[in-house]
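Please see the structure below; I have some questions.
Note that the chains are named A, B, C, D, E and F in the order they appear, and that numbering of residues resets to 1 at the start of each chain.
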Amino acid sequence: MTDTGSLRVFSGRSHEALTAAICRELGIEPGARTIHRFSNENLMVQVEENVRECDVFIVQTSTSPVHEHLFELLIFIDALKRASARRVTVVAPYFPYARSDKKDRPRISITARLVADLLEAAGADRVLTMDLHAPQIQGFFKIPVDHLQAQPIISQHIRENYDLSNAVIVAGDAGEAKDVARYASKLNLDFAIIDKRRYADDEKARAENLVGDVNGKTAIIIDDEIASGGTLLQAAAFLRKKGASRIVAAATHGVLTGKAAEMLESSAIEEVAVTDTIPLMLHQRFNKLRTLTVAPLFAEAIRRIHTGTSVSELFR
Amino acid sequence: MTDTGSLRVFSGRSHEALTAAICRELGIEPGARTIHRFSNENLMVQVEENVRECDVFIVQTSTSPVHEHLFELLIFIDALKRASARRVTVVAPYFPYARSDKKDRPRISITARLVADLLEAAGADRVLTMDLHAPQIQGFFKIPVDHLQAQPIISQHIRENYDLSNAVIVAGDAGEAKDVARYASKLNLDFAIIDKRRYADDEKARAENLVGDVNGKTAIIIDDEIASGGTLLQAAAFLRKKGASRIVAAATHGVLTGKAAEMLESSAIEEVAVTDTIPLMLHQRFNKLRTLTVAPLFAEAIRRIHTGTSVSELFR
Amino acid sequence: MTDTGSLRVFSGRSHEALTAAICRELGIEPGARTIHRFSNENLMVQVEENVRECDVFIVQTSTSPVHEHLFELLIFIDALKRASARRVTVVAPYFPYARSDKKDRPRISITARLVADLLEAAGADRVLTMDLHAPQIQGFFKIPVDHLQAQPIISQHIRENYDLSNAVIVAGDAGEAKDVARYASKLNLDFAIIDKRRYADDEKARAENLVGDVNGKTAIIIDDEIASGGTLLQAAAFLRKKGASRIVAAATHGVLTGKAAEMLESSAIEEVAVTDTIPLMLHQRFNKLRTLTVAPLFAEAIRRIHTGTSVSELFR
Amino acid sequence: MTDTGSLRVFSGRSHEALTAAICRELGIEPGARTIHRFSNENLMVQVEENVRECDVFIVQTSTSPVHEHLFELLIFIDALKRASARRVTVVAPYFPYARSDKKDRPRISITARLVADLLEAAGADRVLTMDLHAPQIQGFFKIPVDHLQAQPIISQHIRENYDLSNAVIVAGDAGEAKDVARYASKLNLDFAIIDKRRYADDEKARAENLVGDVNGKTAIIIDDEIASGGTLLQAAAFLRKKGASRIVAAATHGVLTGKAAEMLESSAIEEVAVTDTIPLMLHQRFNKLRTLTVAPLFAEAIRRIHTGTSVSELFR
Amino acid sequence: MTDTGSLRVFSGRSHEALTAAICRELGIEPGARTIHRFSNENLMVQVEENVRECDVFIVQTSTSPVHEHLFELLIFIDALKRASARRVTVVAPYFPYARSDKKDRPRISITARLVADLLEAAGADRVLTMDLHAPQIQGFFKIPVDHLQAQPIISQHIRENYDLSNAVIVAGDAGEAKDVARYASKLNLDFAIIDKRRYADDEKARAENLVGDVNGKTAIIIDDEIASGGTLLQAAAFLRKKGASRIVAAATHGVLTGKAAEMLESSAIEEVAVTDTIPLMLHQRFNKLRTLTVAPLFAEAIRRIHTGTSVSELFR
Amino acid sequence: MTDTGSLRVFSGRSHEALTAAICRELGIEPGARTIHRFSNENLMVQVEENVRECDVFIVQTSTSPVHEHLFELLIFIDALKRASARRVTVVAPYFPYARSDKKDRPRISITARLVADLLEAAGADRVLTMDLHAPQIQGFFKIPVDHLQAQPIISQHIRENYDLSNAVIVAGDAGEAKDVARYASKLNLDFAIIDKRRYADDEKARAENLVGDVNGKTAIIIDDEIASGGTLLQAAAFLRKKGASRIVAAATHGVLTGKAAEMLESSAIEEVAVTDTIPLMLHQRFNKLRTLTVAPLFAEAIRRIHTGTSVSELFR
């Protein structure tokens, strides 16, 4: 084993439960730190143990308050680098602003690239993340990125819980077709796509056609994230109309904003599975929700990065 | 109008015809330059007129010999910057290595990002390009990118040449679904997707299902580029089997490698339309091929970049 | 006059009133932009007018929600640079994290430097700000900074409102001595310093001595900012004990967090003057508060930066 | 202990005695090097032993000839990096140009930031220094800085040599108030400040008031450095007039330019203590001078940086 | 020995024989990799073994197709850095574009510097090369360069094969005088220079004078490379005319373009020695050619770089 | 004419006479600035006029005290950039450390590259210089360099002053052969080279052979600079021994260190011509010295850089 200094895993304030679970898997304690928030909202992150020449990981996901957590991460990196950490790896289970990955309107920012630049400017040496909205985002970084996939975890959940003899994977719109085709291939199922159209720039896209067939089948809607739940609810209503016998959904990232929990609970969808890349507040939980843990996968990836053994073997 | 120095448009050796057409539209002569290739293959680019404080554009597309043309571009940029050009804009109608935009295997390069870094390292100030394989590639650049679309030009060709009362847009695989859905929406048509599967890592993907319906219809296959033509030929055969009455194809970039021309000419496809982002050698031309010019669009974009007027208005 | 492109002044959401006032002084309209906040808190800044080759200023101060406003600024810069603005100047009347300007504890961040790096990484070309907590912060930037002073505005307020024949300027602790000495010199007054001591690291500093004399005099407490008001209230109580006949206070930045307004209103301090570098919400206003505007000074500085005339002449 | 390569400590020509003392503490020999000065003043630094993969420290302080020593340091760094040293730490006991840390006049350089940039451009990986004129200067660096304090050494000297039952710490002007308050607090003494005023820009500042009280007391003047001694002499004369019974002085850095030694020897000041961050030439020495060594502190800091143990514990 | 991770040596496609020879010397196998060339000429380099935290060397020389090999190297570096190699050293036995090292005409590139920038932009950490056209090229890099010399190998060949009692070293033009003088000094011989003149800018330089004397002597022409052989042939004819009794030639890099082999075989030159920094295709070989291997020297340099022992000792 | 802002030419303290001459040619006054040197040798450069959006040139040559002048230049650049100059061009008639352009010994710096990096780090936008020791040094810069030649000025002096019917150009050692051949070609003369050898590393090189012939001829020794004069004196003695009838010398840069003037005056050399790239102190002047001015050439180059017209035309 190569010498990469001592291993330290620190937690930002965004998801201490996940950090704790990762550390349990690794058999270590989370690093000691104090995060103070002054009356003017400014943050002070103080690392409370020596980290000179250490191999440090900071776990920080993107969740409310999004910008405060992101800035806390940048400050944390700066504090660690000025404290002479040998290497700082950002562990971002749900990467901030991943959906802002292209200029699909004039004169907007490509904010996912901006976030990559800011992390590099703050001094991050590596990134470990999961299911970026587009795989190209990995190319927004000059520093190495390890990109984990929840698909094996979610596929296993689907196999164990649903009768796949008469099921179909569904994409909520054409943009998800590639991901959904990958799931369909791994589960040996067909897929269908909801074709949405927008007739004016300021109008919302509406489900118009179903490309493929769900009639009499279990429709398994797959997406990378569930935010307001609007796309999912629209899809479910449309699939019902198209004759789906049963509707379930799964996504890597359970963002679950606003009234998502409430609306999904009362929808035609029978079950919604997400992973724990994002912590769920009480108001985000609901009976139909199933949560799958990614902690062992992240712990194993951290162990391999630290010891210099292959991470890609995890994907086989 | 803002002062941005005098306008100069130079041509690399990759596509002098397109540069000439662009310059005709702009009412100027291409810049004078000598490109010498020594016996050891090394290149010397010499700018043969004063470019101090000028606003310079270099037109260079990605075509055979790909790496020599790419390197010629980098040398050209360096020569112009050392000659005190105020601003150098790379005009890359077909962007090199655009398909190498993600790490879909372990331990490979994200070469499109690498190309972006090399252009910036050489001193490029801006990029003007068309139909990148993924819109996220724009985020590989820190410098501003203007990203033109061939879709209006190709859509117009489709409207003028085919009976759309019984037609469907087809994606050769799920990865193209999003682009194809955009065309379908603009042309007010349905779309279908060929679902390809691969049963081992070292195996080629095979068309297995058709998601959507082409029976008795004109199938219009859309892709961003046609390289060896293999995807297209496989799609055509599959669509014929699925009952398509007529098959045509269109793509922005006519790469047309190997025996593509010959095989497409003798295939079930009736007509293939591409733009002139890439020059066609004699052996790449065939009777079924229709070429649409992008020269006026590039000329107008250059004019607007030079004068500081809106480029996004071109997309409306 | 030098050509620097057309002048545009945009406003972030933090202080639209100040931007409006600055634009009125300049005789122009604020630039058109849309800032959208999605259900997951993510922001989209869209510039709604052509800014190619323009000389753009963005006004954004540091106020609640601090991190969202800071991030909005970074996104705004990225959007403008990708939209080909010729130059982007950040106008930060109250600079974020200015008090985090040194490592006064082990293993913390120097966050003001981090903010400078992030602004540069996002693409900012210049900064215009006022009364940084320490003048050294200007050196955190590689890009040019114009650093305005509120002292002439506040000094004029003091001269016009208080009898200076028997007054003394007071610093709330030794760290403010240099600024306070500058005010004392400009107003031709004596100064005094409250000597605070802390007997353990985790203890708050307590006023212990008064260096200088306030007995029977009007004590004018000067600071660069008023946050929770705690320092000010402690100072006032101490000065009262030391015999000050009258107590007033002035500061450049009215941060006024928590119950600052309420507590100051009911304190021994007769009047508190701040400038409008920070907008005041209803609960931050109180009867004893006087607000002095910096809009004409910022407008004049912007005009001079834009036209290439001297800004330092403003300080004479 | 973490592997950081072999330890090497090299000396520039500015202060070989200090390097020797540091090396004695560390139990190693200074690294072998030749520094040649050609007839045209140009320098050649040749490292005379293999340093590949070594953890190298260069000791170079700021002393006459200031610019030659600074440039020698930059050349030394470049030579070491090109010789494949793993890490190069600049040990600058007295940091060059530390007083040029802000733009207090129009159109001047912030030279301390410039020096930081030059060290980083030359390839320095870390900096170890002592008592920067302002703690913010640490933020001029992106690389980690360890910032030692002479205060414990000087405070001990004061405690052992002066009767503190009737003493007061004095700042020569308001800018030193904060440092002086820190000393006062550590020594449990009161402090006083000499209030200097300047009535025209081109005039020298004159001591006008004493804020606080020195009558009948031992006045201990504290500053971060003594250069020409002018400030100190003016302060001593003023304190004598204000009734101080005894006057002594202490500073971290004994720059002692021009006739400082001579004038201080014949002044009202009884004793002047400085550390050995700067070597003293014969003409800089005088009877009243006491020199305190910082070599053990620097040696311990180097040992801790090299072994990856905490440096901040040294400050407790 | 210092820990620099595990040693890996990979080969680009330009010179697998040399890599194999180097690896044999080192007692290791070349690293596993696949290089795929698509029908559109684009390359995909896939590293087929784990390289995390490894100390990686890539051997790639500059030979036909020059630009494809150079780009393959850049892609290889990117792939290795994204695969988390600790350090990547480019081993370039014949450095690409080394002769484009200055602006000897208006408005051209300094392409050797450009290549250095591109290697650094791709992520190279070090370079190991041999006999750069000018030693200044080492200064085109910010990263460390180890610069080997073939002179001892070639000098030994000369000593062992030619009678030096009546020999003279000859430079083909004045630009080679310095290198030739070095050889002359090491071999204790005189030297002569062929003085070439050009009477118009677009004319070829012609041998006009011989500075020095070759009459009745063995003339040993030395150059850093032999490309088309034109310089050498012209020199041989001229030396023959000047009375040289015997003519041989030696150069580090055997580029041997076009009909070089054929023309040299039939020339007045009796023997031509080159090293194996460049692989020779069948048509580049000829009877008079002698090839000297540099593999042991490169292997030893790699071993020393890897273990942190002195490389310069190799030059003694 | 392109808008590049107003022209300003500032002088460092190294060569105010040359700046004055250049400004006279340009018909402008040198820019107003104050350079203060404190008692601790630290410099403060204050620009005394508004330079916002101006096109600024700083004239600073390398002369004693070399490092102070170099640092003054870096400070000057920083002051101008922070004062918002649009563009800063360094005019370095004699470039500092130009002879330290390669690693000809183990573990030394390539200081000319370091100087280039420092100028870029300080913020320089361009460089204008003359007769760099090696033309490759231009490649040490990423920013544009204009490289003037004194050869036409010196050649004209030679033509006007010496009888060329029986003259030969001489290089003091093989390293100068290329430059000397260029002079020989322009003047249509033969050349000769003094072959120096060194038999141990620590020994001085001694003239051993003359390659070429000077017997009975006027020997014109050419070099890029004359420093201690040792090379020149040794050459003159050697040429006398070899039968030269008359010996003169010319060089671009008259460094003239130590006793150079005295020794050259009393040597066999009849006349020594240098340009005024370096100011001559009284003790550097001697009767045999002829000084040729480069001021008109620099003035014309500045005019062309400022107006964006061709500089290379100056070389025809």
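Just so it is clear, contacts are C-beta pairs under 8 Å (C-beta built on N, C-alpha and C of every residue); 3 or more make two chains touch, one makes a residue touch a chain.
Since the model is a prediction, treat every value here as computed from it, not as a measurement.
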Quiz item: Out of curiosity, which chains are bumping into both subunit B and subunit D?
Solution: A, C, E, F
Quiz prompt | Centroid-based (C-alpha) most distant chain relative to subunit D | solution = B
Quiz item: Measuring centre to centre with C-alpha atoms, which chain is farthest from subunit C?
Solution: E
Quiz item: From the C-alpha centre of subunit A to that of subunit F, how far is it in Å?
Solution: 61
Quiz prompt | Computed distance of Cα centres, subunit F from subunit B, in Å | solution = 50
Quiz item: Whole-Å distance, subunit D centre to subunit F centre, using C-alpha means?
Solution: 38
Self-check item: subunit E: positions in contact with at least two other chains
Solution: 3, 82-83, 103, 106-107, 110, 113, 117, 142, 310
Quiz prompt | Touching pairs - complete list by chain label | solution = A-B, A-C, A-D, A-E, B-C, B-E, B-F, C-D, C-F, D-E, D-F, E-F
Exercise. Spell out the residues on subunit A that touch subunit D in their complex, using ranges where they run on.
Key: 3, 5-6, 50, 52-54, 81-84, 86, 123
Quiz prompt | subunit A residues touching subunit C - in the complex, by the definition given at the top | solution = 38-48, 51, 64-68, 70-71, 74-76, 78-80, 82-83, 96-97, 99-100, 103, 105-111, 113-114, 117-118, 120-122, 227-228, 255, 257-258
Quiz prompt | Sites on subunit D touched by subunit C in the complex | solution = 101-104, 106-107, 110, 112-113, 117, 134-140, 142, 147, 171, 173-175, 177-178, 180-181, 184-185, 190-193, 195, 197-198, 209, 211-212, 310, 312, 315
Quiz prompt | subunit C residues within the subunit F interface of the complex | solution = 2-4, 126, 142, 144-145, 304-305, 308-311
